[in-house]
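By written order: A, B, C and D. Residues from 1 in each chain.
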Amino acid sequence: MTKPKVAFYWCASCGGCEEAVVDLDEDLLAATSLVDVVFWPVALDFKREDVEALEDGELVASFINGAVRTSEQEEMVALLRRKSQAVVAFGSCAVLGGIPGLANLYDREAILSTVYREAPSLEVPATTFPMKQTRVDEGELSLPTLWSSVCTLDDVIDVDYYLPGCAPPPRLIWAALSALVEGRLPEKGAVLAPDVALCSECPLSATKPEKLSVSRFRRPHEFLADPELCLLAQGLVCLGPATRAGCEAVCIAGNMPCTGCMGPTTRVTDYGAKALSGIASLLAADDDADITARTAEIVDPVGTFYRYSLPASLLRQRVGETVGNGAIK
Amino acid sequence: MSADIVIDPITRLEGHGRIEIFLDPGGGVNRAYLQIPELRGFEKFAQGRRAEDMPQITSRICGVCPMAHHMAATKALDDLYKVEPPPAGHKIRELAYSTFLVEDHALHFFFLGGPDLLVGPDAPKARRNILGVVDAVGLEVGKEVIGVRRQLRALMTAVAGKSLHPVFGLPGGVARPLSKQDQEESAAAATRAVNFGLFALDAFRKIVLADKAFVDMIMSEAYTHRTYAMGMVDAANRVAFYDGNLRVVKPDGTEFLTFPAREYLDHVAEHVEPWSYMKFSFLKEVGWNGFTDGVESGIYSVAPLARLNVSDGMATPRAQEAYEELFSTLGGKPVHHTLAIHWARLVEMLYGAERMAELAADPEIMNPVVRTVPTAVPREGIGAVEAPRGTLVHHYRSDEAGLITFANLIVATQNNAARIALSVDKAARSLIHNGKADDGLLNRIEMAFRAYDPCMGCATHSLPGQMPLLVEIRDSDGALLGEVRRD
Amino acid sequence: MPNAGPVKVGVYVCHCGLNIASKVDVSQMVAYAATLPGVSVAREYKFMCADPGQELIQQDIKDGLVDRVVVASCSPLMHEATFRRATSAGGISPFLFQMANIREDVAWVTDDRDAATEKAKALVGGAVRRVSEHESFERRYVPVHPEVLVVGGGIAGIHAALVMAEAGKHVYLVEKEATIGGHMARFDKTFPTLDCSACILTPKMSSVRANPNITLWTYSDVESVSGFSGDFVVRVRRRPRYVNEDLCTGCLSCIDACIYKRGRTDDPWNEGLSKRRPIYMAFPQATPSVVVVDPEACVDFRTHKCPRPCVDACERNAMDFDQKPRIEQIKVGAIILATGFHTFDARRIPAYGYDRYPGVYTSLEVERLLNASGPTNGELVMRDGSHPRRVAIVHCVGSRDANTNAYCSRVCCMYSLKLAHLVRERSGAEVTEFYIDLRTPGKGYEEFYEKIQKEGTRFVRGRVAQVTEEDGALVVHATDTILGKVRRVPVDMVILAVGMEPQPDAEDVRRLFNIGCGAEGFFTERHPKLAPVSTFTDGIFLAGACQGPKDIPDTVAQAGAAAAEVLAMVDRGSVEIEPATAFIDAAVCSGCRTCVGMCPFSAISFDAATNVATVNEVLCKGCGTCVAACPSGAAQQRLFTDAEIFAELEGLLYA
Amino acid sequence: MPDTAGLVKLPEEMAAALATDDTAKQPFAPTIVAFFCTWCTYTAADMAGLSRMAYSPAIRVVRLMCSGRLDPQFVVAAFRHGADGVLIGGCHPGDCHYQEGNYKALRRVALLRSLLGQLGIEPQRLRLEWISASEGEKVQRVCNEMAEQLRELGPLRLGSQGLQAEQVQNGHQEYLSIDTHDPVEATTP
């Protein structure tokens, strides 16, 4: 019987999720014997018309990574949605908005002028802009329209499963692929990763004091962290307690704190606000002045707590002119 | 009217792209445009972030070459905090970087650009990929290709915390010393990589150089542009990846200028075209004179072939032999054949493997002191490396609290962007006649950019805003009647 | 786990007579409630808290129309318990119920009728959305430890202890001073009956001593309290008397033998009017009748050179100079706080000349002068030895005064009348009382006032401005509001009727027992009218002046009430624990331990073997601080889960 | 983002409320969600009621057992659902019925305030007040003061210019091109 057809596609992404699939190494060969990959721009030459030629629902599953930011991406994901029985949001960008989601801190005009007006390396005078429609001698060229904010995949299309991680750990990718092939996928809406926080997998968890309280927050470059002691206990903002397990704490093995790329557990609605609560609650300070001083040590709250999940947060994007310590205007 | 032939999306590269080909009445190609429809805005949303987060944030510009951005950003932080990594920190960084160089070049040769050579450009669409390569070179070799990369990536994970988006880079060194086991694994991986490098060169000789059609294709005018070239060289002007000055040679191979990466703004500028988000770098001293090559055009190329053209040789013996073989075969320095980049890539892969072996054997790398804690007040920092796909510069300014206030990134593929556009246009022009273009032929056009191993994700790290609209109203013979502009 | 199937919410909007109906359009509310998702029944009634109102709920549940209840009426602090009982009487869990406070939070605080109705709708919308998320669980009970603790051995503590002991309960009575009796033991007579204070008090004190069910620990104080209602663990610190309590019979021969024949340090029992010897007994009927050595005063503690004649004098060799402080740990089911009051420090009103003119006394000092066991053996002798001919009594010193205490201390008028009587009787002196209002609210109080007037005590209605000394006599300056002119009355002695204030250590005691206090510092009762002797902290009760100024009859009444409530609790044998406790889903707890540090009651324990934290739902007080901190949402709080509060927010904001 | 508390995928009637922007017609009346702790501020609010101390109807009270239960998620959820301001009431430090709950609230709100500031939410929109059980008058004063401040400040324009409105129609072809529903013109760069 013919192998089930799958597609891989990338929106506003870095290609890391593609690389993670390639990182399946030998399993990739096994995977390609189980499924027929009919669309995967980074590695296969199939084109858009090949996808359009498919029957609706002919694809068993589409693995779509990258946040959604342009009309072309929205068209492609809508197309893949029509063609697929199941759509898997693959990687933190698709699930939560990812690091490109930090662009929601700025409105388009600020970004446009940074790239095409203020960059010191621009050819002078910097007057040309990418245009939606451009007349050239030979005809007309168009560029996709860009939205004013970055969206997660399920902001745009109905998503069946979520596979978080930046990039998703190969072990979880393989588990998802085999679950798909063997028809063992869980109920719709499930997140294909452990539903418990990273501390459960962290080798340093045992070194964490029972009543942890942090006297001051420190930044990774300010001191030589002890690789044998829980990093949060040393005052580094490690988001392991608020972040889903599944990556086997590789960053912590590299002696650097978790930055939350696996996103929240199912019981958390807004990752950043919850992570902030977990960290702030550990502060030992009591009086106002001390608390203000200690919280000011977290110099970039949005960059720290919403690094991968701003578009998936309840506030989604910056509302007005930044107030307070934000360095952006 | 819109383009006659559209290749959408272009494939086997990193990032999005589309080729729009306009035919002239005779069915020939009037003009072919390579458009990049995607941007994300890293330079903007870097503002306000903690400087020490930049190595992990900018690595998300490209998932294929995250180590390159991680390293350039880390070196920029060294400069920002005016701190020097201790020798062991320096060597651990270079070990990780050399490992990355080997595995990333291998990725391109066997997964991305290479299939066109190993399986043949006219092979059916469904076979022009890694699976086709495995069938072509046999399962055993295929397994070795995949096995070597797995071992190299495992080593990067051990040394850098993660191979995909490393974490070990901090101003003044690295986060973690090397363990005894890491060193043993490095040595083993290095040996296997050297053999693999030699095997790849051998495969290239057997499959490509032995086939006259390929050699003609490589040498053909369709895939040739005589442009300036830029690359990093060490003190002895040999190809360097981690540290060194940037050297530019003219199309005739003579040195044009050499400058420290810090002064990149004096020599490199970016040109913008309305039909693409990509910014096209060019040499300031020469200036932008449109999409043409030659000594008057500021367009320059980077990446493997360019690095070999600007340098006087490789810093390791076996790679040096391969370097000499390449130039002697292709008619001496400099070589301007775009498809020869594949070959140059394999020469560099061999260098990377040999460099790994040297570092793995160096006792200094085991010194536990791997980082100096910075004390200076941060203000401005510029860091550069040679990414597999070309020269990569990260330029940051921060406030005293170490929050980024400004970021400017000249990214590898941007340096090549203009030349890639030239290559695609010229390939289309010389291959398409009387309006006929089958799949194999269109693929040959795509080969024109694949050789560069372009990373559109890197090149388009910025993000535009609301799209200004320019509509020109022309009469039947094309005279401009009026223009409606909303920007 | 999400509730099974669609919910059937019954919404009951209360008129509360006119309280709500006057400001909120109740019928519009009912119509609106009927449109809300999940609402199966929407009714209104004049008094939902009345039986017919509650029967509406029970009937709808029994008829299967409703499986969730929302009552829009007053504050949950008022009738949540009432409606929970009605809901469970209907046959479903009492916690499938939510109140919308449209009286205190809407009707009573919103002028505009439309705005009030809109706001009430939002609150009902929130409550309906919230109750749909409530999960069914039953009330949980905990056994009550039969032993009880009374803190404070004044008349309140004594009475409460006796009532409970006679009911067969074992009572620990802990008193800070060396003897029980409190302030009452220091008075001479008590109003209005002029009973001799010691005569009516000492029998109760001795029955405390005699009662086998009462363990009396004097010269001790409570060091720590942990645990929860029904199972408190209390640590009591027994300060050393340097005398073995079991051996000493109170024969006082040690005092006579002491090398100091006369008192050396001020005797606080007599307000410093006399000195006491390094080894002493507060007063003859002290209970336990055991002496105490004051380590500051006794020379042996400084020089270790005293021949210790007291040791030789004691046939029972009860002296024990090596005694150390001891900690006793006990387990009790309930605690009554009867820590009493403290008299206002008259120095805080310099105009009255206390501590400047020797002739100015506080009422408590005069109580001691008039007391037979006092410094002057009951004879009204002033500091300079003279006998006063003319005495003035100044009312409201440190009471009903914006600069000191705004409240009325309730007892000063009555004891001033008593003092007037005693002063006249004892010394024949002329007494003038300066008052603002003469408050005689109790049984027989007004008649006592008549009697004192008849005896010839003069009364001037006007607040005393100041007391000055002019050519050897004290002059009391006051505006006589009845005659409408300023009076300057020369007298020999001025008695300041000082008011009642909380004990200086009330703040620490309050924190120790985790109860609240009002702005003045008196302990806060659960409800001023309906629950005067219990507190917001289950299992902790109040009696006497620590809860607010009051006279002896009210104090004893409260002591009895507190004892009764404790007996009810202990006899019931179990007490319902706080329903809104936190719980942790062990399957998804990552062992990050963020929660463990949040709990001041150490109700959360972490098991390193299973790497999971668990909440002891009996120790948990239900604050939810750990739930807000739990970074992965593994910890939730019953009745305040994230889902419930998010739902309430949605309902609240989309009305 | 998985659909947990029905927050991400806005149900129909909520979507309608969001889409129809009728506030433009009447004068702006702010909505303030007030999280009050049961033992102190909620009781104080009851006291204010008992003494008939009227205050702005903008306030909508959510009762928590302790200010320590306040999860920053509730604050952003309140803003997301249309609140223009959030007021948190707790016991004075040292008075907390649970001893430390208010200290924890103080820490979380301090850090949340700097995060919201970075997202452009004005400081007046989030307020933490210590109000003891007997301070009914303070409840009245703080509520009126905050309502007045927010009336001047205006509504919290959350995502109206972004994709917020678009997502409401749950992403298919109908809101494809950005020009039609996005009023924001590119200012001349």
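Keep this in mind: a residue touches a chain if its C-beta (ideal position, glycine included) is under 8 Å from a C-beta of that chain, and two chains touch if they have at least 3 such contacts.
Since this is a predicted model, take the numbers as computed values, not measurements.
A.B. asks: State which chains count as neighbours of subunit B and simultaneously of subunit D.
C.D. replies: Both subunit B and subunit D are touched by A, going by the contact rule given at the top.
A.B. asks: What chain sits nearest the middle when you go by CA atom centres?
C.D. replies: Per-chain C-alpha centroids compared to the overall one single out D.
A.B. asks: In whole angstrom, how far does the Cα centroid of subunit A sit from the Cα centroid of subunit D?
C.D. replies: That gives a centre separation of 28 Å.
A.B. asks: Whole-Å distance, subunit A centre to subunit C centre, using C-alpha means?
C.D. replies: Roughly 57 Å separates the two chain centres.
A.B. asks: How many angstrom lie between the centres of subunit C and subunit D, each centre taken as the mean Cα position?
C.D. replies: The answer is 38 Å.
A.B. asks: List the centre-to-centre spacing of subunit A and subunit B in whole Å, with centres computed as mean CA coordinates.
C.D. replies: Result: the chain centres lie 24 Å from each other.
A.B. asks: Going by the contact rule already set, what residues in subunit C reach two or more other chains?
C.D. replies: In subunit C, residues 598, 625, 628-629, 642, 646 touch at least two other chains, as defined above.
A.B. asks: Which subunit B residues reach two or more other chains?
C.D. replies: Touching at least two other chains: 48, 465-468, 487.
A.B. asks: Can you tell me which residues of subunit A touch two or more of the remaining chains?
C.D. replies: 105, 107-109, 112-113, 116, 129, 145-146, 148, 266-269, 274, 277, 279, 281, 300, 302, 322, 326, 328
A.B. asks: Contact residues on subunit A for subunit B in the complex?
C.D. replies: 10, 12-20, 22-23, 25-26, 28-29, 32, 41-48, 69-70, 72-73, 98-100, 102-103, 105-116, 119-124, 126, 128-146, 148, 166-167, 219-225, 227, 250-251, 253-256, 259, 299-300, 302-304, 307, 322, 326-328
A.B. asks: Which residues of subunit C touch subunit A in the complex?
C.D. replies: Answer in residue numbers: 587-594, 596-598, 606, 608, 611, 625, 628-634, 636, 642, 646.
A.B. asks: Along subunit D, where are the residues that touch subunit A in the complex?
C.D. replies: 1-5, 7-8, 71-73, 75-77, 79-80, 93, 103-104, 106-108, 110-123, 156-159, 161-164, 166-167, 170-173, 176-179, 182, 184, 186-187, 189
A.B. asks: Can you check the complex and tell me which residues of subunit A touch subunit D?
C.D. replies: Contact set of subunit A toward subunit D: 71, 74-75, 78, 95-96, 104-105, 107-109, 112-113, 116-117, 129, 145-149, 151-152, 154-158, 162, 189-191, 266-270, 272-274, 276-277, 279-281, 283, 285-288, 291-292, 294-296, 298, 300-302, 305, 309, 312-326, 328.
A.B. asks: Would you mind writing out the residues of subunit B in touch with subunit A in their complex?
C.D. replies: 1-3, 7-16, 20, 22, 30-31, 33, 35, 37-41, 43-45, 47-50, 52-53, 56-57, 60-64, 66, 77, 81, 107, 111-112, 125-126, 128-131, 134, 142-143, 146-147, 149-150, 153, 157, 160-168, 170-172, 175-176, 264-265, 268-277, 279, 281-282, 288, 371, 373-374, 399, 401-405, 408, 410, 443, 446, 455, 457, 462-472, 474, 487
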